[in-house]
């Protein structure tokens, strides 16, 4: 399968679904990690350009851990909107990847860029196979299914599916650790120790579903969708 | 009464509320059908201009079946947004019709154009009677009530009201059949036989409320509204 | 039409739907008011028997105001349960009335007797027309529709329908005023001036729907139901 | 796998999940169909005993179609409650089957027996493996997962999972057709043609998920549960 | 504490939270009232410029009643959007005030300007402390908590917190009475007597929580938040 | 203040709210811990009587850690129901304590005894001050406020209030550790290391609200209530 994960800022995918991406990669699926904005707000000491450039390298290093491809869309941090221009850019990006499944932010997440990233993906899902909406890349053959991953701190998120990531948790840690520039920033801004953060949320989601560590998801409410279900025939 | 139905694409009104429109028309109400976008995405073989022009003729033919007026707003398919420009255009259109009731898309429907069409109508409802917001057409005397019709495939829609359309179902079929250009398109894109589709959804909504065929609605959560209720005095 | 309103305690119907009952009566509908429990908890000074007997007379006086029939079921206040015995008693009572519509408590109301009263009505709705469930009174010909009325203080209640009771508000006041024994009780127990209470809630529901005074309702989520809708054809 | 389906009345499982049961059976899973009540309310002409006995034979015939085992619990129709006695009887029944998955009624279904059947199953799920709660059959080794199937007419049910039953739809029809005694009863009571009913609901659920016919489910909100998910690794 | 209340139009804060603002002021907190749009739609007889200028003076007079500071953002009435420009302007405004708590419109309110005002505040909350997002005013030291106040007519609003404003209700009346230009306008547009309106809604919210008059709030679902008794007076 | 916490089984209060109870105790509030059932299901090797007696001693030891009073109601594990008898017993128990606040199980928790414990408390809340409902202990002077604590594994629980328990977390650990008999049982039944369990859930609730460890609550939706800062420590 081809898997596309789309996060708002560098480090969002690592926090919210890197264990699942590592598990996909481990079984041989083709994984692409797209980062919508350049994360230029993420420093108290460096200029926008400096921190953005550092974060791109960190995101690349993280993708390299599982052999994923990185797509860097470079939109300005904090100011992403669903417009004709961004819809076409996201559409072209998805058509380049041609995924079976897209993992992205839920509409209830805590940050406007997160909500907008998920919204644009939702907005362009139907268009992926439509020939009259032209982009550099040709239309997909199949409309991908969208899964929303957990929100930051689980705010307003009721899980539908769990993925046991116990075997991939150290990989998840390795991926997040690539985002070294954020360690101090998150500590100062949010009193958040980011390595402890993923231990707590993955451990909690694990406790809910009988695994040591887990990540959780919901399917996007849209149409058409396809019948598939765990434990059911 | 004056009835205004506003759909995102040509054929949406036929699928989601044409039985109700036919029933309104049958009892002598004045019905207007507005189509927000030109449906130019709806073909795998024709150019945007060619398919848009065909679809406008099909929409007109469908409106003619029940003697409704057609308003063709001609916005680009897949890229409708709530902006100052679109709000004023929708406001002017509503003020031309001066409806008692507006039927439009629910905020949970499966397509961004559907959601945006319903959202713009909601956005301009209060403005319809406000003199300082000037448009070519003068303000309405009365704020119209908004009813949301069913969503495509009933995704995330909990009906509040049912309309028995058994007597008008063949008219609904005749109206949808005017959209001949979409027959093959929907079959190829969504494996959807569009005549069977309306048989299934209208039959299902009928089964829920004790009719052979039905369509269903919710009232828009807004203010001011007026007291009116079935079976209650 | 035949209307049946079922309240948990004497004075509940007056507070929550008496304006609507008065309006039904005014247009010639046949109204029955059933009180499930004897209200024997409603006094700080009188014995259970004394206060229950007073409250039955008060309920009768209130029903007389609009020419309604009173049914007094006499279950012990605070201890109503859905059992085989209560279901059969409620079923027999409904079959005596043979209503088109039943108004009763919503499942989110603030008091267990309120919730249970509404629950028993819901539990026996389907049975009303079933011959093999035998009661003294013969089965109904038609399953009645259930409407839930507002909750005390509107706790967890989202109105679907409003009834303009402006013309009947003084009748509602007259009906509640029959429950004189509760005036001091409610004041002491809940710091609640009961005449001001209905002015406030009916005024508030009125303000929501453009009437001076209103009461509000939701339809019970069950099946089968019948297509009927305000403003729709 | 061992599959247990628990319905309130004879014919409920056929209407709501027989396609899925047939598909389980087809791939070699061991299927048990439990009917909680005796369905003695389901006739306008026969006595309770006569109709109950006919319905038991019909339920057996239906189970035979897919080689399932039938368990007939024989509780009185319309009067099922969650008590110590019923909990222990259900617990013993589940321990006899030792299922991996239980399919049963959702808490929002339209009939009290449906809600109570699902509630008792939910009430005893944790007890299945507890040795100190003794029944004739010994404790299970593993707590089964509970899936709720669709409600009658889809009232208040938002599907989480779909099962494509296109290949098993004629088997579903064959199973429901065994309940011949209900054909006239349902027609008279609810104006419901029961064979058309399953065509409409299975067709509608199919249309939602891209299948010709489908049935749908939700997972029960409880704990502990286990990580498993479609399309996810 | 420093309190910032942000309303869409002049008079919104008075209707929805002025009692709470008065109570804050009374105990010595520093209160700022921001009005996002100029309210130029609020007249049937005056030009946009005339009515906007009158309403600014009225808003100032109302703020003066409690010694609050007024910030007049002057966006065009009915056409507020969340854009880069408005986000930066709101951000700069919040950084000027440096509040502990922000009170603003809930996402379910009845008017697009109300929803958008609340949305922009939500959108920029995280940015308030981010140095790389530069505005004329320097970043805040602490991310403020957002409370949503009640909606007009309580549409779709479930209160989490109540503030007893009995002692400040006459101040609230005095503040609303400053908006004299709206008295006739609201009466004609919505049959709404604005002084009676606040009596009814504050009385109703009072009745829900055991006070003579009250206002109600919900906390915004976001992250990070702090474990604390609410910051309401 | 007087605080009453009511749990279904010995160890439930320790897992779900012991940090908050410790914090109450620390500031001098009078804390009572009531256990509804005897927990006799909690062993794979001991008889009902043996394990129940051990668990009562463990519960007492845990209460002793914070100087709380223990009330042992001794209902049979797994079979608690809301009946006249249990309502009166709970009512009498509450009247003995005369609490300002009651902490108990939420209606969405994972186990029937948990739901029923919370339900009975809710059922009798209004009765606490009613003289005509007589119990051994006299009526309370004031209706207590009910807060629901978190559910096991957070299933279906959306927190409204957080209490920072960082300073009391080791006390919480000490209290849970008194339930030594459950250590092996929970490990075998649910693969649940109970000391790790509370570390994970308290750590996760802390992460949501900016504390090292936290517990969370919702207010019960009922009436009457009072406008107040929450009664949590």
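To keep things simple, chains are lettered A, B, C, D, E and F as they appear, and every chain counts its residues starting from 1.
In this text, a contact is a pair of C-beta atoms (placed from the backbone, for glycine too) under 8 Å apart; a residue touches a chain by one contact, two chains touch by 3 or more.
Please read these numbers as outputs of a predicted model, since none were measured by experiment.
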Matching chain pair for C-E (criterion: over half of the contact pairs shared, by residue number), options A-F, B-C or A-B:
A-F
Pair joined by the larger number of C-beta contacts - A-D, E-F:
A-D
Report the inter-centroid distance (CA atoms only) between subunit C and subunit D in whole Å.
35
Note the residues in subunit E that touch 2 or more other chains, in rising order.
153, 155-156, 190-192, 208, 210, 223-224
Please give the residue numbers of subunit E that touch subunit B in the complex, ascending.
40-44, 47-48, 51, 77-79, 81, 108, 110-112, 152-153, 155-156, 189-192
In the complex, subunit D residues that touch subunit B
153-156, 158, 190-192, 197, 200-201, 203-204, 207-208, 210
Subunit F partner, complex, touching residues on subunit D are 82-84, 87, 122-123, 126-127, 129-133, 221-224
Per the contact definition, I'd like the list of subunit A residues that touch subunit D in the complex.
1, 20, 23-24, 26-27, 29, 100-101, 145, 147, 160-164, 208-211, 214, 217, 219, 223-233
